[in-house]
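First chain written, first letter: the chains are A, B and C, and each begins at residue 1.
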Amino acid sequence: MRRFVEAVWLVTRKDLLVEARTKEIFLTTLFFALSCVLVFAFGFVREGRAVGDAAAGILWIAIAFSGTLALGRAFERERQGETLRALLIAPIDRPALYLGKLLGILILLAAVEVVVVPLVALMFQAALFDHALLMLGLLATGTIGFAAVGTLFAAMLVRARSRDVMLPVLLYPITVPVIIAGVRGTAALLQAEVDVPMARAWLSMLVAFDVVFITIALWTFEPVMTE
Amino acid sequence: MTNRLFVPLAIVTAAMFAYAPFMILGAPYESTMGLVQKIFYFHASAGMTLFAAAAVSGIGSALFLFTRKPWADRMAVSGAELASIIGLVVLVTGPLWARKAWGVWWQWDARLTSTLVMWLIFNAYLLLRKYGGPGSDRLAAAVALFGMANVPFVYWSVNVWRTLHPKTSVIPSLQPGMRGPFWFCVLAFLLLFTLVLIVRMGLEHRRAELDELYLALED
Amino acid sequence: MGVDFSTLRFADVSRNYGRRRALNRVSLTAGAGSITALLGPNGAGKSTLLSIAATLLRPTSGEVLYGDVSLRDGGAALRARIGMLGHDLYLYPELTAAENLRFFARVYALPDVERRVDGALAQAGLSDRGDDLVGNFSRGMRQRLALERALIHEPRLVLLDEPFTGLDEASRTALRARLEAVRRAGGIVILTTHDTAAIAGLPDASVSLVEGRLAA
């Protein structure tokens, strides 16, 4: 068990080290997220205020789109130099490899969200921090759900053709519940009469989603990656 | 496949479909909707068949991923193709019915949305198999598995969000005169689905045999 | 750590991709302390064979045996005894040479990481470049480092895909010497090449593949 955790941490640490050197994925993802927010703002802002629940929607769409990009880029990196193969040949348990990569992506996305979320709150006068703990919970579980499925798909597509377009095509339908829960949960916290029980219900669904899908991913990572 | 039951079943199915319109016409008129309501017989039957196709594909995918048996993969891809086609039927007949019943072509309720999402997932499955290059049968199997696990979550989410679609209890609450034609149509659809599935799996089987022959030729 | 073995055996191994047969009933045996060369033109199936030996691919039919352990049953323990050097070198350009080595040393759970890293750098002739980013290395330097990375855990089975390609004369001599050292230490070396001149005199056995089949 300890060996497993060590292996996970080794992979994550390596990914963070590589990213810290170049900051490439972090910066490009961040600016992409900001561009998303901007583009959607033009669609949904009228007379200086976001229409209805637009702020919640814009936030989660930005997370989904930039998350997909980050996933693609992270695994593209493993494709150059074929280092993913080297890791598959190594005596690391396949599930540990999956978790290590997932953790790395999560930390990266968390760093992006730390910037984007306050910015959205600012730009759309959305009181995202009134129920900070719940909001944090929604963001955390939502990002985990999205990344859990995304990491598996991005890993399995590494050697496939048309992988750039296939990742979003495969990922978005399956992460629909995450988007719904994220947006509706956030909206519940932003509406005039804040609906905390509703937000809590969405949070529970996200937790269930995360548990189910991480389990399935751990289970299928090995057979999917073995040719 | 020269299964001895196949031809008789095919004849029975054809006969059922030929007779179905008469049964449907004979069924009582629904008070508010008139003729358009009769789409329901095919729409709901197609809906049930869609779930059967999805289940077949999901089970085949899981089996293929963990046992790598070729027939499991054939089951998975045949189920997925059928799910895509039947899904299209469901998603077209539904709005035709909805326009009359609810006044709108589309509503974002639990059943509609999860059907749409599931249909998208199966299309993504087929796209991956077509354009993903070698090894995509294995990758697509994982997609199907995730897709299956996903459906209850979509259903639950959209349900909590809003609901307008008649709940499942619409079947018991059907007028007695409607129940007969309804189950008749369901049976006809499921029979048709089974037959086409067998044919499609047979096609894949023959493709695999052809590949083997090519390989044997090289030896 | 791990299961050890003294022979690698391919028994009637085939690998198909739909209609294309990449490997056709290939059998070979390699024992400890030997170098086997896989020859053949491009597309003959050499890389496929190496991938199967590295546990990355499953054969469509046939058995691969590492001593008594079959490929199917071997897991992480088996992989700990295998080292591979691919054409793409398996190095992270954003990390330094030492960091690359250290990462893989830890991945292979080696007990004395720093000593191994220093040793590997010395073997590659890069002791003074340990803290430089691999992305800045020349092709030759990268190749030397990649080889030491593949050997850092002293694997029993060493698989090399086209290791002599693109090397100048001095590097070739150095590589030959290194592989001879591995042979002396009891390793099973399998390398592929389509340049028979580069390996003249080195291998104990040569196997030719043509269109996936063993040529006589």
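Here, contacts are C-beta pairs under 8 Å (C-beta built on N, C-alpha and C of every residue); 3 or more make two chains touch, one makes a residue touch a chain.
Predicted model, so just to flag it, every value in this text is computed and none were measured.
K.L.:
Could you find the chain whose CA centre sits the greatest distance from that of chain A?
P.N.:
That would be chain C.
K.L.:
Does A-B or B-C have the larger number of C-beta pairs in contact?
P.N.:
Comparing A-B with B-C, the pair joined by more C-beta contacts is A-B.
K.L.:
Which chain is most central here if centres come from C-alpha coordinates alone?
P.N.:
A
K.L.:
Please work out the Cα centroid separation of chain A and chain C, and write it as a whole number of Å.
P.N.:
Distance between chain centres, rounded to whole Å: 36 Å.
K.L.:
Centroid from C-alpha atoms only, then distance chain A to chain B, rounded to Å. What do you get?
P.N.:
The answer is 32 Å.
K.L.:
Please report how many Å separate the Cα centroid of chain B from that of chain C, as a whole number.
P.N.:
Chain B and chain C have C-alpha centres separated by 49 Å.
K.L.:
Would you pick out the residues of chain A that each touch at least 2 other chains?
P.N.:
227
K.L.:
Which residue numbers or ranges of chain C touch two or more of the other chains?
P.N.:
Touching at least two other chains: 58.
K.L.:
Residue numbers in chain B touching 2 or more other chains?
P.N.:
In chain B, no residue touches two or more other chains.
K.L.:
In the complex, go through chain B and note every residue touching chain A.
P.N.:
Residue list for chain B touching chain A: 65-66, 113, 117, 120-121, 124, 127-128, 131-133, 135-136, 138-139, 141-143, 145-147, 149-150, 153-154, 156-158, 160-161.
K.L.:
Give the list of chain A residues in touch with chain C in this complex.
P.N.:
Touching chain C: residues 3, 7, 10, 14, 17-18, 21-22, 80-83, 85-93, 226-227 of chain A.
K.L.:
Given the complex with chain B, which residues does chain C contribute to the contact?
P.N.:
Against chain B, the touching part of chain C is residues 16-19, 21, 24, 58.
K.L.:
What residues of chain C sit close enough to touch chain A in their complex?
P.N.:
Answer in residue numbers: 1-2, 54-58, 76-77, 79-80, 82, 84, 86-95, 99, 103-104, 106-109, 133.
K.L.:
Could you list, by residue number, the parts of chain A that touch chain B in their complex?
P.N.:
Per the stated touch rule, the residues are 149, 152-153, 156-157, 159-163, 166, 169-170, 173-174, 176-177, 180-181, 184, 201-202, 205, 208-209, 212-213, 216, 220, 223-224, 227.
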